[in-house]
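There are two complexes below, and they share chain A, which is joined by chain B in the first and by chain C in the second.
Let's look at the complex of A and B:
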C-alpha cells in the first residue's frame, strides 16, 4: 500500500505542476457540450432528455480516453519504466496507482462538467436527482479507471499507441454508456429512480469490480516484455 | 558453504524479434567483485544489465543473481540489485528529494534514508530543485543515489560516468569501492580501471575470447 500511495502522490504532484491532463479534459468536455448543444438543435434540444444524457456519457467516455492517452506518458517519454520495473514492488501496484489517479482526474473533470451539463441541456427541466447521477458516474469512473489503466499500460508498449488505446477501450465502454444513459434518464423528472435504477447501479458496480480484478491480475503480464 | 556468485550467466540468450541481443553470454561475478563490461554499441551490454535487474526476461540459458534464478525468482532479485540505467530514471518535475522519497517507498526504505543519500552524492544543497533543473551530471549523481538508496548487494550500472565531472567520478569510484559486487557497462575503461577487478568484453551478444 505504501508503494501505491507514493505512486499516486507522484501522479498528483506531476499533474499539479504540469497541468497536462485535467485542464485538457475539462476543455474537451466543454467543447463537446457546445458542439452537441448545436447539433441537438440549440434551445429546442431535439431528442430530449435521452439525447442529452447519451451525450453526457459519450462525452465522459471520450474525455476519459483523452486522459488515459497521457496515463503513462511521463514514464514512456523519460524512459522511467525501467526504474519502476526494477523496483521490488508488485507490478499490479503500478496499475492500481494509475487507476486511482485516473479516477481522481475523472472526478475533477466531472465536478466541472456536471453543472455545465445541467446549464446547457436541462435548464428548463426540473432538477435531476444529482445523488443518483453522481453515484452512477462514480461507479462508472471506477470501471473506466480500472479498465483504462490496464489498456493504457498495454497500449503504451505498442507502436501505434494513440490509435490502439481508443480501439481497445471503446468496445468495452459500450455497456457502460448504455447502462449509464438508462440510469441518468431515471434521474431526470418526470422519471423517478426505481428498482430498475438500483439494478443498473448494481451493474455499474459489477463492471467496476470485474475490471478492477482483471487489472490487478493481468497488469503484470501487460508490462511483461 | 561459500556464498553464491553475485552474478552467474550460462548461455544467456535474449532476442528482440529477429535480432539476437544476447547470443549465449557466459559470465560470473564473485561477491564483492567489480567487473567492467565493455564492447561496441549494440554488443548487448544494456540488455544484459536489464535482464539481470529483472526488468526484462531472459529468452534462454541461465541467469542468476545472488543465487536467485531469473526470471523465476525475480521478486527476490530486485531488492538485492541497485540498477542505474542509461537514463537517470527520475521524474523531471519532481525534486531530487521527492524522487528519492518515491523510490524509498518503492524499495521499502525509511524516508529518513533520503537526506544522507543526497548528502553522499553531494546534492544536499539541491534537494529541493526539480530534477529537470539539475545539470546532466547532477541528474547522474541523483541516479546513483537512487540506485544505492536501499544498500543493494549487487550494483548494475549502465554508462554511469556520462555527464559526471571529476568529483562525480571520484564519488562513483567510492561507490564501486564498497563491499558490493558490481557489473558496470562503460566505454571509459581507463576512468574506472582503478576501481575494477577485471574487465569483460562483449561483442555481438557474447563474451569475447
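Let's look at the complex of A and C:
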C-alpha cells in the first residue's frame, strides 16, 4: 500500500510539474467535440441528443487511449524501470499505482469535458441525467484505468508501441461503449432512470472488477526481466 | 488419425446437410447454412478456449512448447472466425435481407471477439520472437477470457434477442434428424480443426528445427 501511494504521488507530481498528459487530453477531447459537432451538422444537431451521447463515449475512449499512450513513457525514457524492478515492492503495486494515476487523469479530463459537452450539444434540448452519466463515467474510468495500465505495459514493449496500444485496447472498449451509451440514452427525458439503469451501471462495475482482477494477476508477467 | 477422421466426417456431414436433413418449414432450403455456421462458430470458441488454456499453462510452467500450442489454435481460430462471419453474413442476407444485422446478439458478440483475435496477432508480430513474445501473447490471450463473457453480457444488456435460438433450457430445439446432422457437422468441423492443428504444429516444428540447423551450419562455417 505504501509503495502504491508513493508511486501515485510520483506520477501526480510529475504531471503537476511537467503537464504532459492531462492538458493534451483536455485539448484532444475539446477538439473531438468540435469535430463531432460539425460532423453531426453545425447549425442543427443531426441525430439529436442520442447521437451526441454516443459521441461523448467515443471521445472519452479515444482520449483515454491518448493518455494511456504516455502511461509508461517516463519509466521507459528515463530508465526508471530498472529502479522500479530492483526495488523490493510487489510488481502489482506498479500496476495499481499506474491505474490510480490514470484514473485521476481521466477524472480531471472529464471534469472539463462534461461542461463542454453540455455547452456544445445539450443547451437547447433535454440531455441525459447528469447524475447517471457521471456515475457511469466514473465506473467506466475504473475499468479503463485498470485494463489500460496493463495494456500500456504490454504495448510499451512492442516495436510500434504508439500504434499497438489503440489496437489492443479498442476490442475491449466495445462492450464499454455499448453499455455506456445505453445507460446514458436511457435517461434522456421523457425516460427516467429505472431498473435497466441499475443493471447497466452494475455491468460497468462488473467490467471494472473483472479487469482489475486480471490486471492485478497478470501484470507481474508483463514487467519481468 | 485426426486427418483420417476429418476426411471421413467432412464428406459425411456435407452429404447429410444437402441430402438427408429435412428442409426447414420457416426458412426453406437455405436454412441448411445453419449446419455450417453454428458448428464453425462453436469450433472457433473451442479453439480460443484451447489457446487460452495453453497460454495459462505457459505462464505457469514457462515451457516454450506451450507457446506454440497456444498460438496455433489462435491462428486457426482466426480462420474459423472469418468463416463464421462470412456464413453468418450470408445467413443474415437470406433470413433478414441484409448482409449484416446489428440486432443479432451472436453476430455482434462474434465481431468483438474477432477484433480481439486480430489484435492478438498485432501484438504477437510486434514483439521479437522469444520468451517475451510468448509471455505477452499469453497475457493478452488470457485477457480475452475476460472479454468473451463481458461482450456476451454487454451485447445482451444493450440489445434485443432476435437471433434464432438453437438450444432452449429444455434441450435442443430440433427434431432427431436435424440434431443428428448438427452433431455430425460439429464433429466434422472439430476434427478438421484438430487435423489442421496437427499439420500446422508439424510445420512449425520443422521450421524451428531448420532454423536451428541453419544456425549450427553458420556457426561451423
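Here is the rule we use: the second predicted complex is superposed on the first by the 221 of 225 C-alpha atoms of A that agree within 3 Å, B and C clash if a C-alpha of one lies under 4 Å from a C-alpha of the other, contacts with A are read in each partner's own complex, and residues count from 1 in each chain.
Note that in this section a contact is a pair of C-beta atoms (placed from the backbone, for glycine too) under 8 Å apart; a residue touches a chain by one contact, two chains touch by 3 or more.
Given the structure is predicted, the values throughout are model-derived calculations rather than measurements.
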{"item": "When chain B and chain C are modelled together on chain A, clash or fit", "value": "fit"}
{"item": "Which superposed partner A:14 touches (first chain B, second chain C, both, neither)", "value": "first"}
{"item": "Partner chain(s) touched by A:224 [first = chain B, second = chain C, both, neither]", "value": "both"}
{"item": "When both partners are placed on the shared chain, which of chain B and chain C touches more of chain A", "value": "C"}
{"item": "Partner chain in contact with A:167 - chain B first, chain C second, else both or neither", "value": "second"}
{"item": "Arrangement angle, chain B at one end, chain C at the other, chain A at the vertex (C-alpha, nearest 10°)", "value": "90"}
{"item": "First, second, both or neither for A:200, with chain B first and chain C second", "value": "second"}
{"item": "Touching partner for A:6 - first (chain B), second (chain C), both, neither", "value": "first"}
{"item": "Chain B versus chain C as contact partner of A:178, first or second or both or neither", "value": "second"}
{"item": "Contacts of A:89 with chain B and chain C, given as first, second, both or neither", "value": "first"}
{"item": "Smallest separation in angstrom, by C-alpha atoms, between chain B and chain C in the superposition", "value": "6"}
{"item": "Overlap of chain C and chain B interfaces on chain A (superposed complexes)", "value": "224-225"}
{"item": "Chain A-touching residues of chain B, taken from the complex the two chains share", "value": "50, 53-57, 75, 78-79, 81, 83, 85-87, 89-94, 98, 101-103, 105-108, 146"}
{"item": "Parts of chain A lying in touch with chain C, wherever the complex brings them together", "value": "147, 150-151, 154-155, 157-160, 164, 167-168, 170-172, 174-176, 178-179, 181-182, 199-200, 203, 206-207, 210-211, 214, 218, 221-222, 224-225"}
{"item": "Chain A-facing residues of chain C, complex", "value": "59, 112-113, 115-116, 118-119, 122-123, 126-128, 132, 135-136, 138-140, 142-143, 146-147, 150-151, 153-155, 157-158"}
{"item": "Residues of chain A that touch chain B when the two form their complex", "value": "2-3, 5-7, 9-10, 13-14, 17-18, 74, 78-80, 82-89, 224-225"}
